[in-house]
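What follows is one structure encoded as structure tokens, with my remarks underneath.
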Amino acid sequence: MKQLLILSGKGGTGKTTAAGVFAALAPNKILVDCDVDAADFHLLLAPEILETHDFDALPGAKIDPGLCNGCGICASVCRFEAALKQADGKYYVDPYLCEGCRVCVTACPAGAISLVDRLAGQWFVSSTRFGPLIHARLIPGEENSGLLVAKIRQVATQKANEKGYDLIIIDGPPGIGCPVISSLTGIDLALIITEPTVAGKHDLERVIQLARHFNIPVQVAINKWDLAPEKTDDIEAYCAAENIPVAGRIPFDAELVKSIAGGKTAVEAHSGPGTEALVALWENMSRILQNKSAQNQ
Amino acid sequence: MKVVVTAQTNSLDSEIDPRFGRCQYLIFVDTETDSWVAVPNPALAEPGGAGIAVSQFVADEKADALITGNIGPNAARGLAAQGIKVYVGSHGTVKEALAALKAGQLTPASGPTVKRRSGM
Amino acid sequence: MKLAVASGKGGTGKTTIAVNLARVLAEEGPVQFIDCDVEEPNAHFFLKPSLDTEREVSILVPVIDRVLCNGCGECVKACAFNAIAVLGHKALVFAEICHGCGGCARVCPTKAITEQPNRLGVVSTGPAGNIFFVEGRIDVGTPLSVPVTKGARREIKEQDGIVILDAPPGTTCPVVAAVAGCDYVLLVTEPTPFGLNDLKLAVELVRELDIPHGVVINRADIGDQGVEEFCRREGISIHLRIPFERQFAETIAHGGLLVDAFPAWRPKFQALWHKIQEEVTV
């Protein structure tokens, strides 16, 4: 079983659009949306949710106003500036800032602080017209998206092993932070979709560094390449110098945007130059993954 | 010698759980008497640092050796500090792995075999 | 006045809006620009600051004195993150998991724990014309971004006019760290189901944080009516609509500013600012 992760560094480069095409074309696979922070993959896949599970964050501190004597020790020991003074002189814990370290709980001389469970989100097992989808929704403002990513990947791997799926296609999160690190571990191939802009190239470089840190093989595709052909050349020259294969160029195609509006993957909606390039990109990915499987046997 | 094996269920016929920090069960075996006890992984639901927490647990239980599938860098470092011998790459059942250990067919690992958080 | 520019979805043009607004406003008074997208800071490409000061951001992680440590395990019990264990009769620290709360050092009965900084990233500052520019940037491989965002925000000079904060995409804790305490959040979106879905999440967040907010629609002419309908229904003002133009895309691709390349857009960004101000004073 192989795991293909689609990343971008910079957001909005067309990651999910590509993932949608791969979902439509790949046989015998499980789909995962690891962009738990702003999950969009389901909009193309119209999932029917079969299972819903709660996802808890680390318990957070809560101050009982009846017991708080306003001494402020909690605020002085909290390194996250989460214990704040109210107008009445008593303290409260800002749940967005609290990291659940429990230091204030032990420090409070009045015994006014306890830990309370926090729901951080939910994750789902769904069925779609292209196969199973494992996805999640983090409550806005919550933390620990890396852990939720790890959780849904674990569920996907288990399912793939149990049911004999050959491939897991993962729509990854943007950036290079915690959830991206969680997405990268144990991946067989990471496809990074970038765009020909100064920002796109910069973010591409950072996500490549990260993938290398974890020893993950990388391929690059340049979306909307014709909007700035010199920048595309620039990125391809960078990739060549870094010995990173460029697996495809996708032209700007307004029709791709329209296909999303219809809740369809590009291959289902129309056949323009953008779609053709994405299909070719999938064929490329498919060949690379098959070679990897062959090497393992 | 006290050996701990990561297992998917709570018996000697269980398949080895390839994960360390996120294994389902830990089976402690006394190789002199062949007595054993299966304990659910106390760190299974930990939000982070599960490999470290399980290392602490097997150290507190005074295990001398560990048999598992893979081990990450944090757990490898911790177990090495404790002087616990680590045998990785094991598969099959717990029983088979113990037999292989007794027959001298397992070689101890010298470092991590997977990256951090791989067992998640 | 602190204005955060945010977006649920990445790549909607958040930084484009933030930098162009900063450039136009800087002609009238002092502007501070804080790039809080610390995973992928990009605003410097457009405002081209000369970053002359660098400050490392770190958290304090425990260091064990192996002579004083008696392996009692109190630190292990105190740590909520499993970042410390007693192995080989001494406490062992796993710094990359540590959140730097200091709990272990507080409980150690033999005073065997001291704390030393562990670097997470860097905050750079410097002038970009008459804009005071601040950028937070996490080191590649660092999972903790919030302390770097907070570090960038600490550079804000409170008395000095307008502060524009470029927030990271998404809706989780790094976004909260960027937008909390701001007077207004400008949400940049695109008129697609992706843009709408992520806008809804972002609106949920800013409502929860109780911060006034409005919307800019980028590439407003390619897509559907979903975002417009949502904003109308929810009573959220749409302050600006920017159409898709190949020339705009090219300008942005090369790190150019719309207000410089297309002066006709200058009054539109000025008008955007006036609309925001009106909503804040109301």
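For reference, chains read A, B and C in written order, and residue numbers begin at 1 within each chain.
Operating definition for what follows: contacts are C-beta pairs under 8 Å (C-beta built on N, C-alpha and C of every residue); 3 or more make two chains touch, one makes a residue touch a chain.
The model shown is predicted, which means the values in this text are computed figures rather than measured ones.
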Task: Winner on C-beta contact pairs when A-C is weighed against B-C - done: A-C
Task: Centroid-based (C-alpha) most distant chain relative to chain B - done: C
Task: Inter-centroid spacing, chain B versus chain A (mean Cα positions, whole Å) - done: 31
Open item on the list: Averaging over Cα atoms per chain, report the distance between chain A and chain C in Å.
Closed with: 18
Task: Separation of mean Cα positions, chain C and chain B [Å, integer] - done: 42
Task: Sequence positions of chain B contacting 2 or more other chains - done: 47-48, 116
TODO: For chain C, write out the residues touching at least two other chains, lowest number first.
DONE: 81
Task: Residues of chain A engaged with two or more neighbouring chains - done: 58, 181
Task: Of chain A, residues touching chain C in the complex - done: 8-13, 16, 37-40, 43, 58, 77, 79-81, 96, 99-103, 106-107, 138, 140-143, 145-146, 173-178, 181, 195-199, 202-203, 206, 209-210, 213, 224, 227-228, 231, 252, 254, 257-258, 260-261, 263
- [ ] Report the residues of chain C in contact with chain B in the complex, numbered from low to high.
- [x] 76, 81-88, 90, 92, 94, 96-97
Task: Residues of chain A touching chain B in the complex - done: 57-58, 144, 147, 150-151, 153-154, 181-182, 185-186, 214-215
Task: Contacting residues of chain C [partner chain A, same complex] - done: 8-12, 15, 39-40, 42, 45, 59-60, 78, 80-81, 99-103, 106-107, 138, 140-145, 150, 168-176, 180, 190, 192-194, 197-198, 201-202, 204-205, 208-209, 222-224, 226, 244, 246, 249-250, 252-255
Task: chain A contact footprint on chain B (complex, rising order) - done: 22, 47-48, 114-118, 120
